[in-house]
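Next up: some structures, all given as structure tokens.
Look for subunit A in each of the two complexes below; its partner is subunit B in the first and subunit C in the second.
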Partner chain A sequence: MVKFFAKRILCLLLVVWIVSVLAFVMMRLAPGDAAVMALPDYASEAQIAAMRVKLGLDKPYITQYLIYLGDLLRGDLGTSVLYEKPCLDVIMERLPATLSVTIVCSIMVLIISIPLGIIAGVNKGGPIDFFAVLFALLGQSMSVVWICVLLLLLCSVKHNWLPSMGYNGLFDVKYLIMPAIAMGYKMCAGMVRMGRSGMIDVLSEDYITCAYARGMSRFEVNCKYAFKNSIIPVITLFGMDVAAMLAGAVIIETTFTIPGIGSMLVKAVSNRDYPLTQSTLVVTAAMFAVVNLVVDIVNAFIDRRMKLN
Partner chain B sequence: MKKRKMFAAVALVASMILSTAACGGSTSGESAGGTVSNETVASGGVSSYVDDDGKVVVNLQREDGIQSLNIWNYTSGPNYMFAEMVFDSLYTSNHGGDCEPLICTGYDLSEDQKEVTLHIAEGVKFFDGSDCDADDVYTEMQYIAEHKDEMALFATNWKYLEKAEKIDDHTVKLYLSEPFFSLDISLAYTYIAKAEEIEQYGASLFSSVETLNGTGKWKLDEWVDGQYLKFSRNTDYWQGGDFSNIDTLYLWFISDPTAQNAAFINGDIDYINNVNVDLKSMLDPVADQCEMNEMVAETMYYLQFKMDGTAPTSDQNLRYAIMHSIDREALCALMGGGVVMNDFYTQHAEGHQDDIPAIEYDPELAKEYLAKSNYNGEELVLLSRSDISYADSIMTAMADYMNQIGIKTRVDMVDTATMNSRRTDGDYDIFMVNLATWDGNALTQNLVPRIVEDMHSSGYVNEELNDKILQAFGDMNKESRTKTLEEVGDMLYDLQGPIVPLMQIIRTSCTRKGLTGMIENPLSGYIFTDVSVEEEYLK
Partner chain C sequence: MKGKILIRRMLRSPQFVIGFVIVITIVLVSVFADQLAPMDENLNHITARFTPPQGISAYFNGGYVLGSDELGRDILSRVLVGSKISLTIAFVGTICVATIGTLLGVFAGYFGGVVDDIVMRATEVTMAIPSMTLGIVIMAIFGPSISNLILVMIITSWKNFAKISRNQVMIMRNREFVQASRALGGSGWHVIMTQIMPNVTTPLLIQLSGTFGGIILTEAGLSYLYLGVQLPNPSWGNMIAGGRTYLAAYPWMVIVPGIALMITVLGFNFLGDGLRDVLDPKQTR
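For the complex of A and B:
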């Protein structure tokens, strides 16, 4: 167990380091000058040069990276050029909204997709299966922009059920319902599809026939054997999607005025705010790796054949 | 089984169609809220400006948010809006060139116009109750003189400020290296902070909401990045706290046009800064509750040509060919409305001449100019920024017009950082961006930086033109300055380069009935320092 965790944490650190290198290199490769962006249009050459020195951009790339890495190891993510404050503060201001939407969305997706996918798989060819397949097909083919607009028009403009904008913390759920639906419907559709096909595959296995031969009831077979084995790919997919959600969703944040991490990252990239972009990518990569670690642990507990070591 | 499947499919499709058809907009029903920080905001189709606690709450909207509270580093509209709410400046401005005394009650100029004696009002108070006097003005002006190159707002506004001197408790003297015409405007962008705080914190003075200590009409209570600014009325305002009856004012940052309209219909906001032209009809159901104000904004789309002598667009005949090949009326229609610019200046700017005919769309004439030019078939690149509204459509249409007369053209849409970098390096043939004519003149934002200083590297140098522009910049007499600007406009018209205005944009704001005291901002929308709610809407 200890070895497993040590190994995974090393992997996590490796991932974060690789992301930090990629973020650093990609930002420098992108056209545009961070010093020019930090100043008004009419800044003189001297002002631009002074800003370059202030941002440390006058140093060789390798020196810049080593300084950045050293700060990172000390827990200093740098200072945002755009916001003129520590990157960690900027990220921590934005992260709660993204986490709140992710949590509500995840709960909603779990409640809908797992039962629907499993029941559809068990009742292959039945009306529920037909509905589940249609739901998955529609869900995966509908545009996020369209869904956002539809939700706004339906739930806010037409029926006044939900507020059209804003965010007021995790526990004021009415602000999170529309963003969560918009963020989760595609994921839900994918998981229904995965759950259904997993269940159909498992139910055609020999050990299921064997369980029936031993006189077990259909309910017992489905719950005790089929469900456990079919859920593993669903959990893996869920983990990947949740991790992706933690990086934010620009369209959804923009439409519902959610102060999340996605729109902040876009702003940071388009303004060539190197410290903030790099820090955000490193933080989201770390969250991605942690979620995947949790998924692996959950999978190992569900299926004992997947030993932690 | 087949029948059941069919039934399920039909039922599902029918329910989807019904739900889509239901989206026609309605004003009925109770609002779901818009509740933030436990305070009820306007809700319920017809906005009630009074919340459950009996407080008057108004919600406004802008497209772009702010990234910093640092009023010394501002370059965009929402930032100025925040600054003028919280901080009083030496003069006050409507951004159209009309300036009035505020903290500074007036000034005297020396004979050579290089010494300015400012007279400071009595009784000006900061939020903390302390007096704002000559000490504060002197400290800030001296700080500006020493640090102006690091401060975006003052790099141009106080370019010629050398030092400040305190004469007495209500008099401060400024020493300029050169006189300049926009002294009133510079005073209007000088928001005064407290001397002790400037000395103690320097540029870090504006790092948090708690440390903001202005003299303005509104106090900033909260800033939620990416969401809103929340102001409360300064009831102890030095000119009297009864300038408004609003207790709390929210400024929401909503960039999505559908979301803006939805929030207005839902009662979550009371003002839309710019209604998207394609979505105006969405507001029809609440037309009786709001007033639409369509205005030609003092913001233009313009082209800049590379004119370094080697670029194809250095050829005047080619530039004329290009300008005659473009149907600007059609481009305006593409944007949902606009006004073709006839000369170099926007409609209310100094130097604008109504009687000059705009370059006409005439493809045949364009071909004649092309034949006279030295153009030999090389591909021209039309560069623009993808975040500018309608830029991609305008660029595509322009490329099409130019290709039609035989100028091989392609479009390159880039992000802001790439655009800035390419402009600085002069890596373009033609680019298009938009530009606001701040404060009713084209000198500070356009002519001096873009033509005299050639900040976007067009490569064009014309000493006679530059001299005239600088002559206007240093001329404090409006009449003679306007005359010089007209001459500058004529020269640029004949050149059709390096900068050629295309059209002014039309913006439509939407205000819920009952809001009053809003000051029209020629750049677009309103200034909200004096916003109030009519008494009959409070009942």
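For the complex of A and C:
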């Protein structure tokens, strides 16, 4: 068990490191001189040269990389050109908005998708199953863009139910409902499908027949045996989706003007703020690693087989 | 599987039939988009801005069947031509993604060891960055163009094929017929191509259909942020983005491309699910 987690943590650290290397390489491959981009058009040659020194662009790539890696290990992600602040501060300022949408969305998704998937799997071929499959298929076929627009049309234009844009903290939920639905529907669709197929697979196993033979009720078998085993892939999928949401749902944040990480990234790339873009990628990978580790731990608690290995 | 049985199974799966009909219709429409479009998709008509949809009869007398946009361009023509661009990107993208992903996955599964480790770490790295985030960064840095769009698709979707083919090969690798081929002196490449590949195509074929739909959605998302297909070229994504400003007064500008997008992806997803029923009846997913 300890060995398993040690190996996982090492793997995930490796992934974060590779992403940091790729981010570094990508920013150096980008066309245009970063020093020129960072300064206004009227900057003189001397100012550009000074900026090159300040950004460390006058040194060879290897030296630049070692400085970057050293800073990264000390938790310094560089300074944003656009906001003229440390990148980490900029990202941290934007995190609460993204986090609020993620929380509301996660709660909604968990409440809807797990019961729907499980019930559909248990009653395969029934009306609930038909509805669940249709719901999931539609969710997987709708573009997030399209869902956003439909929600706006229904809830803000036709009926004045919800505000069409803005953000006012986690507790002012009315601003978060539409973004959460837009973000969550696709997630829900995937999880319903996964839960349903997992349940159907598990229910055909021998140990389920055995449990019935021992005189257990249908409810008990479904809850104690089938549910536990079919939920693991669903949790893994949920973890992946949450990690992706924390990276900032770009389309949703720009549509509903939520000051989160996604809208910041769009601003950063369109203003060629390379340090901030680079740091966003690294932070995203780090969040992915943390979420993945949490998912592994949760799965290890549910699944006894993992403990034995 | 015999051809006759296969066709009977196809006809018995409603999902497959619906998906197949939608996909064939959309492919035909997009191939003949230029002929079908009633007007030039970039022709402006300032006096006919925001014309509401006029119905089928308008097709024959030069009207706006599905309305016009803020520059008086015909929405039907733009949706048709947009379908050609979207499907071309999805088609080329899917082929590249499938080839690269499958080859890497097969190598990883067959050779194992270091090759496997490298490929698996690479899939984790691409998973660590959500596709939309990576798409925006690549498109913004290297400039929005069709080839960069396809590059984004390759980087974000190859892992699905790699994982599936790797797992399948791992199962196949130690089967008797593979070992026999190796014992008879078959080289690695020969064994992979003649013995293993024919046995791993079914799950890959199913994945293919889903990837096609996924690429169309990613392209629409990037075009919505004006980082995909560039104006004035029409794309369903940038049409929705353009119409969003006028959502309250002229909703058809958004609804028409949105529905086109939904039906297309739904068609491919139906086809994928149908193929699963047809080719792999054991699986329930």
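By definition in this document, the second predicted complex is superposed on the first by the 282 of 309 C-alpha atoms of A that agree within 3 Å, B and C clash if a C-alpha of one lies under 4 Å from a C-alpha of the other, contacts with A are read in each partner's own complex, and residues count from 1 in each chain.
Here, a residue touches a chain if its C-beta (ideal position, glycine included) is under 8 Å from a C-beta of that chain, and two chains touch if they have at least 3 such contacts.
From a predicted model like this one, the values you see are computed outputs, not experimental measurements.
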* For the overlay on subunit A, clash or fit between subunit B and subunit C? -> clash
* To do: Identify the partner contact of A:131: answer first if only subunit B is touched, second if only subunit C is, both if each is, neither if none is.
  => first
* Does the superposition put A:298 against subunit B (first), subunit C (second), both, or neither? -> neither
* Just subunit B (first), just subunit C (second), both, or neither: which does A:149 touch? -> both
* Does the superposition put A:193 against subunit B (first), subunit C (second), both, or neither? -> second
* Asked: Is A:254 touching the first partner subunit B, the second partner subunit C, both, or neither of them?
  -> both
* Would you check which partner chain A:157 touches, where first means subunit B only, second means subunit C only, and both and neither mean what they say? => both
* Asked: Between subunit B (first) and subunit C (second), which, if any, makes contact with A:141: first, second, both or neither?
  -> second
* Which partner does A:170 contact after superposing on A: first (subunit B), second (subunit C), both, neither? -> neither
* Which superposed partner A:30 touches (first subunit B, second subunit C, both, neither) -> both
* So which bit of subunit C gets in the way of subunit B here: 168-176, 240-248, 258-266 or 276-284? -> 240-248
* Shared contact residues on subunit A for subunit B and subunit C? -> 30-31, 149-150, 152-153, 157, 254-255, 270
* Complex interface listing, subunit A residues touching subunit B -> 30-34, 36-37, 39-44, 46-48, 50, 82-85, 90, 93-94, 125, 127, 130-131, 134, 148-150, 152-154, 156-168, 172, 174, 253-260, 263-264, 267, 270-272
* Asked: In the complex of these two chains, what residues of subunit A are touching subunit C?
  -> 11-12, 14-16, 18-19, 22, 26-27, 29-31, 124, 137-138, 140-146, 149-150, 152-153, 157, 193-194, 197, 200-201, 240, 243-244, 247-251, 254-255, 262, 265-266, 269-270, 277, 280-281, 284-285, 288-289
* Name, in rising order, each residue of subunit B that touches subunit A in their complex. => 1, 4-5, 8-9, 12, 19-20, 22-26, 28-37, 44-45, 67-68, 70, 73, 75, 149-150, 152, 155-156, 207, 224-228, 252-256, 258-259, 261-263, 265-266, 268, 282, 387, 414-418, 420-422, 424, 445, 449, 453, 455
* Structure fact -> The subunit C residues in contact with subunit A across the complex are 121, 124-125, 127-130, 132-133, 136-138, 140-143, 213, 217, 220-221, 224-225, 237, 240-241, 244, 247-248, 251, 254-255, 258, 261-262, 265-266, 269-270, 273, 283-285
